[in-house]
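The structure follows.
A, B, C and D are the chain letters, set down in written order, and residue numbers restart from 1 in every chain.
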Amino acid sequence: MQLLQMLILCFVAIFGTAVVLTRDPRSQVIGLSFFGLVLACMFFIFQAPDVGLSQVVIGAVALPLMFMLTMARVRRNTEEHEARKRHEKKGKEAA
Amino acid sequence: MSLSSIVAHITALPVATPLGTAAVLAALNKFLPRRMADTLAILATLVTLFTETLLLYSVRSQPFVYWYGGWAPRSGAALGICFVIDPLSCALAMLISVLVLVAFVFSLRYFDSIGTMFHVLVLGFLAAMSGFAFTGDLFNLFVFFELMSASAFALCGYKNEETTAQQGALNFAITNTIGAFLVLCGIAMLYSRTGALNMAQIGRALGQQSDATVITAFVFLLVGFYVKAAIFPFHFWLADAHAVAPTPVCILLSGIMVQLGVYAVARVYWAIMAGPFAAHRGALMSLLLVIGTITSLLGAIMCFGQRHLKRLLAFSTISHTGLLVIGFALLDPHALSGVALYVAGHGLVKASLFIGAGILLHRYGSVDELELRGRAQRHHFSGIVFLLGALGLAGVPPNLTFLGEHAIDHAATLVHQDWIPVIFAFSGAITSAAVLRVYGRVYLGWGDRESLRTGKQIPEERETAGPHHRIPAVMILPAFLMVIAALGLTLTPKLRRAAETGAFTMADTAAYQSRVLDGAHLPNTFAPPGQTALTPTLISTSCAIVFGLLLAAWSLSPLWPKQDVIVRPFKLVMGGLRSLHSGHVGDYVAFLTLGAAAIGIVLGLLIRRFGM
Amino acid sequence: MNPRFRRYFFLISVVAFFGVFAWGLHDLPPFGHYRGPYGDILNHVAVYERHATDVVTAVNFDYRGFDTLGEESILFMSVIGTSLLLRPQKKETDNNDGKADNSLQRDLDESERRRAPAASDAARVLTLALVGPLIVFGWYIVTHGQLTPGGGFQGGVILATPPLLVYLAGDLKTFKRITRQEWVEAIEGAGIFGFVLVGLLGLFVGGAFLQNLLPLGQTGSVISAGTVALLNIATGLAVSGGFVQLIYVFLEQTLEVKLRVQGGK
Amino acid sequence: MSLFPYLVAAWLFCIGLYGVVTSRNFIHLVMCLAVVQSSTYVLLLTIGYRIGGMPPVFAGVPVGTPAVDPVVQALMLTDIVVEATVVALLLSLAVQVHKGTGTLNPDHLRELQG
């Protein structure tokens, strides 16, 4: 039992570090959702089912979803900027 | 039934009323007309203010403790959450409500209608700050801290067209969130040690022991709350956030939220840490005096170097919060009463100064000192706010700030820290000089446009709709009422005495603990009577205002050195200070880490190695 | 500071910070030896006093119920704050006229369509079939908070997922209809207001804010633990409304074009 | 050995801060903040743990069986809500910054200097 707890704590430390060191947000968000699951496992192992349940719904689902939507929006922004630039170019050429 | 037992029942209202009203306003977002929302929000604030007045009246002789859910403690162990109603927390809550009321009244003329969201957030902010002032439970303090943050972040980024506003809010949010995590770590460590979350119970369980855990936990709480209070080296976010927030929000952030960070540390110290640090007061005092002095000087110097009016006022807030920390650092109830008076005086004055800036923005569409030069020459009326505000910042009698400074000076002489009035004079002089310079340039048209090229220029759009050629009464009136209140309240008899009673009651740790845990009915603790000399404070404040006037006049005169001939060392120092305030959140967090580590190491060494 | 200098500066600070942290931690009671008394007292009395078998829920909604009011308000304020921050900027709403802008709009719509593949029918059926069970499950979690792990918060989040599934199934119209802002905001506000109301009723009936005012019922039955159940439902409402709005606001950010096009027809 | 779980919490705090300071993208930065926050979960969870304790749920178990601390779990529930909300606010601010400036890199945002 003790061993299992130490093991999961090691996992938490490793996954947390990995999330930080992943510089690309797109892969990082996958790491984050795994990290959320590992945390949830930790809560169950440490006899905290209430917290574990919340962590599953928040940490592993809701948070990554928000991150992904934000990134989609940011990508759209960039596309919009570029599209606008292209248009200005076209307009100039036409003139 | 006595009055106080009836009044006890309304203790929950300062939190419940704003939250309930906020819920209604949010639910009816799409259906309520704007004026209706204004009315409801102002009504809720008035109810809160009225409740707090009743509470203050009922605790004038004896504080009481209110247990939520009726969970009174059993054999000295708290089961639930309590509010501790004592004179100082009531007075603080009243100040909060007054400023929120002013913010609502000012925003009656606020720009685009976006439903009721602004009202909802400000009401949430009000509930959070009231709860923060009253609570006697450490984790509850954290909850209200976070509620305060959540509403403040959103309010700060309110102008979502302006990218600087979003950046300022982002810096604010990131640094304050890390501060909140530090607070939570501190709470966890204290909980692990004592098995309690009630402040009185933690204090009693700790007794006199001050081991590594207790010291570290206190350092974490201190740092977390001082991030909110914008104390060096955690102050960087404040100018970014305040410079860009809408005016009514600035009133709340600068007028009271920042000072609540100082209050939280004072509350934690006297409820929990007075015992453990009883033998180490010297260590804590010297550490905090150093931090407070640096903050105050740095804030004052940066304040004078600004041309963006709101940023200038924001740095002045940093400077004055540093003074509050100096006052608290004396760890003496006399000084605490001074801090309380100073908070009230500064809150009123700073709020009216921000309104002054808001009026200029409304009338002339700018808060840039150079752009505004001479443009308000025909509107001297609103300029009086700046004049009186400058006097308040310098602490000229009969301002509340003068009373506060006097109490702090008195406590300082008791512990032989006679240099403290000098710091007060310096900060007062520089910050009031900055405000007087603004007055001279904007309202009198003195000075030229070139002499102050250094400061940051941030474009700012008008916040208000409607005709801009006149200044609405809802803007100018609250500002006048507040500066007059800061002057008039001083003349009320016994105010000084009442503040001392409040401070001595708050600082009476043993009485606090038995009130909360044993249900003891103990009267307020009264300060020993005695007259104190006014002379040092009078000298200090008159120096402040004289030097302030001279400095302002010099900076507006042709004698003021041009940018390229400024003496080299001064230029270097200013350049260095400026580049520290880089607007880069990574820098801010790095400084936060360094500050937390340094405070921990210094305090630990002073206590363990040097036995202070 | 340049990035390199910042990194070194920070590394030195953080080593010192870690030292301070570890110094504070080494004096804590050793791991695995919780000493109480707060938790132990509650573990002993909560079941008798509250007739709730899940002590965590009893703590959250009764002993420390006031904290939970604050917690729900934090959620509430940040949902309102998020929709305030992400409200359409003026320049975004103003650019719909003019020929050039229209063709720009068409361009953007085109790229949008290319990126989002339509859901297959099988996927739609499967996703929509999940909606019913999820609602039942969420409701179960909300109402059994005092008995088993779970409660208003966890159930509320689960109850917020069906609209998301509807969106995933590609049914934008229904998604828009069930996430009408008026309703979502009303549900959210009702949850918070309900919490405050239960508290105030406790004040008038029992004598203290949030005091229990209902019979405690039979330990182990669904209707037990008095106000805890009511507060769970209020929290469930507030949380589900809050998360639906949160998801909606973020989705709206990515889907501005799509929603605008479909709404216009 | 009895200190190890606490040190994991301290480690997560520090590594999260490292990510925040060196981040070149606000979205990355917010995820690093989530890691800092997870440090508080670990700390709260481990200080309330009792070896051999069961969960504080007494459905079908007699009261008096050794159980872990329910209070820290209640605190962590609050903590998790706080995380979700702070993340939502920060992300919306980041989106707005990107809308206005076209970048998410803090190194490129220098409008607030001085």
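Keep in mind that, in the parts below, a contact is a pair of C-beta atoms (placed from the backbone, for glycine too) under 8 Å apart; a residue touches a chain by one contact, two chains touch by 3 or more.
The structure presented is a predicted model; accordingly, all values stated were derived computationally and were not measured.
Set side by side, the interfaces B-C and A-D show unequal numbers of C-beta pairs in contact, with more at B-C. Rounded to whole angstrom, the centroid-to-centroid distance between chain B and chain C, based on C-alpha atoms, equals 31 Å.
Mean C-alpha position of chain A lies 13 Å from that of chain D.
Rounded to whole angstrom, the centroid-to-centroid distance between chain C and chain D, based on C-alpha atoms, equals 16 Å. In chain B, the residues that reach two or more other chains under the touch definition are 139, 143, 146, 150, 153-154, 157, 160-161, 166, 185, 189, 191-192, 197, 582, 584, 586, 589-590, 593. Shared contact sites, meaning residues of chain D that touch two or more other chains, fall at 4-5, 9, 11, 13, 17-18, 21-22, 24, 39, 46-49, 51, 53, 55-57, 67-68, 71-73, 77-78, 81-82, 84-86, 88-89, 91, 93-96, 99, 107. Multi-chain contact residues of chain A (touching two or more other chains) are listed as 49-51, 54, 58, 62, 66, 70, 73. Interface note: chains touch in the pairs A-C, A-D, B-C, B-D, C-D. Interface residues of chain D, counted against chain B in their complex, comprise 9, 13, 17, 20-23, 26, 29, 33, 36-37, 39-40, 43-44, 47-48, 71-72, 75, 78-79, 82, 85-86, 89-90, 93-94, 96-97, 100-101, 106-107, 109-114. On the chain C side of its complex with chain A, the touching residues are 54, 56-57, 100, 103-104, 107-108, 111, 141, 149-151, 153-154, 157-158, 161, 164, 243, 246-247, 250-251, 253-254.
Interface residues of chain D, counted against chain A in their complex, comprise 4-5, 8, 11-12, 15-16, 18-19, 24-25, 27-28, 30-32, 34-35, 38-39, 41-42, 45-46, 49, 51-57, 67-68, 73, 76-77, 80-81, 83-84, 87-88, 91, 94-95, 98-99, 102, 104. Listed in rising order, the residues of chain C touching chain D in the complex are 3, 6-7, 10-11, 14, 17-18, 21-22, 25-26, 28-34, 36, 38-40, 42-44, 46-48, 53-56, 58-60, 64, 67-68, 70-72, 74-75, 77-79, 81-82, 85-86, 89, 147-149, 153, 220, 246, 249-250, 253.
By the touch criterion stated above, chain B contacts chain C in their complex at residues 9, 11-12, 15-16, 19-20, 22-31, 66-71, 74, 77-81, 114, 117-118, 120-121, 124, 127-128, 131, 139-140, 143-144, 146-147, 150-151, 153-155, 157-158, 160-161, 166, 185, 189, 191-193, 195-197, 211-213, 215-217, 219-220, 582, 584, 586-587, 589-590, 593-594, 596-598, 600-601, 604.
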